[in-house]
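The same chain A turns up in both complexes below, where it pairs with chain B and then with chain C.
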Partner chain A sequence: MPRIQIDGKPVEVPDGLNLIEAARLLNIEIPHYCYHSGLSVVGSCRMCQIELEFNGRKSIALGCNTLAADGMQITTTSDEIRSIRRAVLEFYLQHHPLDCPICDDAGECDLQNYYMEHGLHDSRVDLAEKKHKHKVIDVGPTVVLDSERCILCTRCVRFCREIVGKDQLGVYGHGSDAELMNVPGTKLDNDYAGNVVDLCPVGALTDKDFRFKRRVWYLKRTPSVCTGCSRGCNISIDWETSRSYKDSGRRIQRLKPRYNKMVNEWWICDRGRYSYHAVDAPNRLLMPISNAEEREHGVSINAILARAAAKIEAIIDQNGSASIAVLGSAHSSNEDLFMLKRLFADHLKVQNIDVNLPGEANGSEDQILMKADLAPNRRGAQAIGAVPWGGEGQNGEAILEGAREGEFEILIIVDHDLTQYLGEKALHKLRKHTGYILYLSSHSNGMSEIADDVLPLAMWAERAATYTNFQGRIQRTSQAFDPLGLATPEWKYWYELAAMLGCKCDYETPQEVFNAIGEHTESFKGLRWDDLGDQGLMLTDAPEPAYRKIQCPNPLPAY
Partner chain B sequence: MIDVKPVNRSKLTIIQNSYYPELLKGLGVTMRHFFGNLARHTGRAIGLKTKDPMVTILYPEKTRHIAPRWRGRHRLMTRPDGSPRCVACMMCETACPDDCIKITAGESPDGRIEKYPVAFEIDLLRCCFCGLCVEACPEDAIRMDSGYVALGGVTRSEFYLDRDFLLHNSEMTTHAQFPGELDGMVVKRVDLSKQSGGH
Partner chain C sequence: MSTKQALLLSRNFAKTKQAKIDVAMKHGAYSMLKKAMSMKPDEVTAIVKESGLRGHGGAGFSAGTKWGFIPKDKFPRYVCVNADESEPGTCKDRLILERDPHLLLEGALICAWAVRAERIYIYIRGEYFYPAKVMQQAVDDAMKAGFIGENIKNSGWSCSVHLHTGAGAYICGEETGLIESMEGKKGFPRLKPPFFPAAVGLWGQPTIVNNVETLAFVPRILEIGPDKFAALGTPRNGGTALYSLSGHVKKPGVYELPMGTKMKELIYEYGGGIRNGNKLKAVIPGGSSSHILTAEECEDLPLDFESVAARGSMLGSAAVIVIDDTVSIPQLMIWLTRFYAHESCGQCTPCREGTDWLVRLAHRFADGWGTRKDIDDMFELADSIDGKTICALGQAVAWPTKSYLQKYRHEFEALVK
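This part shows the complex of A and B:
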């Protein structure tokens, strides 16, 4: 543990830490372009130079390429360092185009920020003499390159080689002719291509999905968790609602990865990055629908819940709880599943509860981030116990089979679109034999057409919730904006239904529900909402996984 | 501490109550200007060097002189080929204190321009004519020197100006940067509802 001094402040840093990271421990920012904590060090941008006093000798050193050693004294803001930074910036800006007004990165550009902080020089290059390179180059299906803006930090090149393991970007040419390009014969088409846009310190690489949509200073940022697969990558939702009438009602403008050492480090996959389109999709359910009655008259949520409660009570009195089946969803949050279990399993003694269906949509899986299981909370459903119980309960497959044969009087389904699993004949039979189908979903689909009553669900960006990823890490999301229409979080429906059916659950907020999970569920014992923090906590019976650097199994070496 | 403060209001006298003195005073002002003006005009007519008489401006065929920096209805400038000079950087939208500018940016067919406004809408009813959008523009693409000051209409949609209207709503093609350039300019009455401004 070397002890060093940064700007006169002593600090003890772990072994093998470079000076940029060491300064970060003291909240001192050493400006840099090419260095990134997740990538190898190249030391090419020369921006992180600092004054180093070591063994009685003074020198100028690179912050990124110098490991902290015992007794180092570092100055980050002397006059000499300032003049060095100004000189380096002047080189970068010598031929940099003056298109900040149309550059998507303006507002979050390191070149802009450092110029305002350290540069502030007048250009010595006449506008007409500026060197021009290629603009608007289509480097891949999701990314556009402007090589005139590029400062050749090679972060994107190293990312593709070291994290994804594919050689798709490279710097070609020498001196002032050097240019970032696709490696000949390739396109930037890997599953993590969107990350190069986050990595780019300037506006050279821009995202086609976000390009020209919104200036960054309008965006508000809410920390959240990606619900695209069971990994649960930490993300930030960048959203804006003041102009949602434009752009087909798009409220979320983009998703950005958020650092979590044990889950996703600095990256997210493109599948998750562009998954937000579902939130503002035109087929979102905004109102409750009752197919049983006149459709056009409309129906209130309370009326549907009251009808459902009356039917459930009647059926239980008549046939017992065996003729009720509840098909929850692994896309629901811990709170939803807990309330579902509380109401149906604990209170109504319904045994046919499950969240798993055979042949649920599976995605591709790789060894970097993506998981095949597209449901974000299957582990949480197991831990909470939203599973068949009592020895006679039927699992998802059996419920599906039973529904086909018309075994159940009441079928309560969350999110699962049974029309994907059953043929037309089976659906017809199901519809004929089942007395009452209550369907909860965020989007309209085949199932919402045939169910008796449909309730609209709020989606992940519209609610605060917790999800348990495949490792058993419980992570919480925050509400970015209000749900569309009358959409409501799932647990609220169960809460209302519980009140109608005489089940005592007094929880007003998701926080209270989660704290109740901590009291009543073994795997969540003692966990509280406030303790989850930014990075989440492990289930009490899940072992803390060992740290694994997020990268492909066979990375290509840095240049 | 709340206290009652009595205010002495003197009662009107009978003469004041009759209003006649004030009425005559007011009429006197009118008459003074009328006869004064008549005398000056007559004096001018017969060649005397009288003071400048008052002139009635035949509005709306004519307007008063407009100062060069007068802020009237907006217009968008064009490039020589007629395409909008605006690059949809949204600086004006950001600077606008009334939130009356709405720009939707798009990929320009011209690769050198890269970004251009697919839609550029100004809600004149919200506009306070402060001119901050003009100051913020890095491309000199938006100006308020269209010369149109007669902003009237009977529906809200007439005040909702879209991109094509803003590009073509002015007869001015030159810079209005020289003092007096707009002086005495004939202002045309434009029926906004018949142009592309409405939605």
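This part shows the complex of A and C:
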């Protein structure tokens, strides 16, 4: 553990850390462009130069390429360093188009930030001398390149080669004619292409999805977790705060990866990145829907819950709990599943509970981030016990089978769109033989058409919740904004229903529900909401996995 | 060539068909390789170190010391012969490649023996078609004669030689740029540290990169002995050097003279004086990337690494460019900055953006709309490039620029609009 001094402040840093990272420990920023913690060091931007005093010798060194060693004294603010930074900024800005007013990156651009902090020079370049390069280059299906803004830091090139293992971007030409381009014959079409936009320190690479949509200073950032697959990548939701009249009310403007060393490091996949469109999709369910007679007049959530409670009570009195089946969802949060289990399994003694259905849609899987299992919380469902209960209950497959034969009077389904699993005939049979179907969903689909009652669910960005990823890591999402329409988090419905059925719980917030999970569930023993932090915690019976650099198995060298 | 010259390297340059192996062997080629192979590798390195042989590629780093940097137990090792001679003004390696290729091969093989390398790469600049052809023939002949290949002369040591022609990039003469280019990548100089390819070089293995001339001296050092070799030059500057004399002299050419030969002697005695009876204005002593020296500064200047450095310039590759009083320094500045802007690899910011900017500023004076502020700007720009880059190309443009502006500022001011 080398002990070093940065700007007079002593700090002990772990072995093998470079000076940029070491300075971060003291909240000192050494400005840099080409360096990124997740990529190899090329030292080409020359912005991170610092004054180094080591072994009695004073020198100018690169923050990125100098590993901290015992006894180093570093100055980041001397006049010489300031003038170096100014000079580098002036070099970068001499041909820069300065089109900040129409640049998507304005407001989060390192050229802007560092200019205000370290540059503040007047231009010495004659406008007529400005070099022009290609603009609006379609480098891939999701990304647009503006070569004039590019500062040739090669972060994107290294990302594609080192993390994704694909050679899709490169710098061509030499000297001042060097330009970022697609590798001939390729497009930037890998599953992680969106990350190059996050990596780009300037506005050279912009996201087609976000291009010209919003100025970043109108966005608010809420930490969350991607619910697109079972990895649970940490993300930030950037959402519109004030101008809701824009783009027909699109609230989420973009998702950005959030660092979590053990889950996704700095990256997310494009599947997750663009998954947010579902939140403001036109087919979101905004109101409860009821059967044909009531549909015209509208119905309240309470009326539906009261009806469901009455039916459940009557059926249990009549036939016992065996004629009730519950198909929960692995897309639900830990809180939802806990309340579902508490109500149906513990209180009503319903045994036919499952979240798994055969033939659930799978996504593609790779060795970087993407998992085939698209449900974010299957591990949590297992840990909580939202599975065939009591050893005698039927699993999802058997429930679907039985429902067709009229085995169940009441079928409660969360999220699963059965039209995707069953053929028209089977579905018709199921509908005919089942007395009452209660369906909870965030979107309208085939199932919401045939269920007796449909309740609208709030989505991940509209609620605080916890999810357990495939490793067994429990991670928190935060509520960015209110649910659309009357949509409500799933656990609230179960909570209300439980109250009607005489199962008293005293939970006001998801935090309280989670703390209750910690009290009542073996795998969550002792865990509390506040302890989860922004990096999550492992299930008590899941071992902390070894650190793995998020990278494809056969990366290419820097270049 | 004058008879006064110390004929060490250039001894056989004038002989016809010296490039043929039988002719070369008649003149003693490969005898020193045999001698070296009778010694322990470390002994060879020690001899080279003792001789004070310094790198003639530009930096003047002690060759023996460089060989000693090889880590003890890392194999395989490589030797790269830097024949990417591209510095404006330098034309000495070409002669060795064309006139006495076996001398170079022998030197490279002795070096490979000394560092226990198993492969020698000769990186020849792309424009040297003919030298590359001659060299390839020499390699083929030496292979047939058994000096290259498996189990050389039953020593149990194998060493192969490969020729690689560059694609015409100045920057590939920088040793790490050369290594990158050799690896099949873009010729981008590597980030330092690691400082020495001797530790981490070609494909991450220990690699000795030496200039053609440096290696060609090695057989001669073994022949005449390190003491005698060192005695030829001045203290700390052993032996002779090939001075590439160009510019406005009557007899430009390559002259082999002992280190420490006086500049005036080189220009007036060997070069025959300034053309057309003009006056000497300035001299660029070590290739275009060295500081310019005014005529007064050249007075009494011995041409060795330390003496030239003491006058604020560098001997570099000993390419002496003579400039007479017909030359406009602002014009020279255009020529210089254009070359470096064109040859900048574009990897790091100050060099990529700064060289190009210098060209534009330099042109302002020629075009007649330069201002006094532009002179200061140029100096400041050069300062922002100097020493702030990955490789030495930044210095190579900054040093001469600064020296032109310092020593001939009045010429720029005369052009101010």
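Definition applied: the second predicted complex is superposed on the first by the 556 of 559 C-alpha atoms of A that agree within 3 Å, B and C clash if a C-alpha of one lies under 4 Å from a C-alpha of the other, contacts with A are read in each partner's own complex, and residues count from 1 in each chain.
Methods note: a contact is a pair of C-beta atoms (placed from the backbone, for glycine too) under 8 Å apart; a residue touches a chain by one contact, two chains touch by 3 or more.
Predicted, not measured: the structure shown is a model, and the values here were computed from it.
Participant: Looking at A:N65, would you say it contacts chain B, chain C, both, or neither? Reply first, second, both or neither.
Facilitator: second
Participant: Just chain B (first), just chain C (second), both, or neither: which does A:H95 touch?
Facilitator: The answer is second: A:H95 touches chain C but not chain B.
Participant: Based on the superposed arrangement, let me know which partner A:R3 touches: chain B (first), chain C (second), both, or neither?
Facilitator: The answer is neither, since A:R3 touches no partner chain.
Participant: Go through the superposed model and pick first if A:K525 touches only chain B, second if only chain C, both, or neither.
Facilitator: So A:K525 meets neither chain B nor chain C here.
Participant: Contact-wise, after the overlay, does A:R548 reach chain B, chain C, both or neither (first, second, both, neither)?
Facilitator: In the superposition, A:R548 touches no partner, neither chain B nor chain C.
Participant: Going by the contact rule set out at the top, does A:V136 touch chain B (first), chain C (second), both, or neither?
Facilitator: In the superposition, A:V136 contacts chain B only.
Participant: Tell me which partner A:R215 touches in the superposition: chain B (first), chain C (second), both or neither.
Facilitator: first
Participant: Flag every residue of chain A that touches chain C in the complex, lowest number first.
Facilitator: Answer in residue numbers: 41-47, 49, 60, 62, 65, 83-84, 87-88, 90-92, 94-95, 124-125, 129, 131, 151-152, 171, 173-178, 559.
Participant: Considering only the defined contacts, which chain B positions touch chain A in the complex?
Facilitator: Its residues touching chain A are 87-91, 94, 102, 104-107, 111-112, 114-115, 119, 138-139.
Participant: Would you mind writing out the residues of chain A in touch with chain B in their complex?
Facilitator: 99, 101-102, 135-136, 211-213, 215, 217-218, 243, 246-247
Participant: How about chain C: which of its residues touch chain A in the complex?
Facilitator: By the definition above, chain C touches chain A via 169, 185-186, 188, 191-193, 341-350, 352-357, 360, 377, 384, 387-390.
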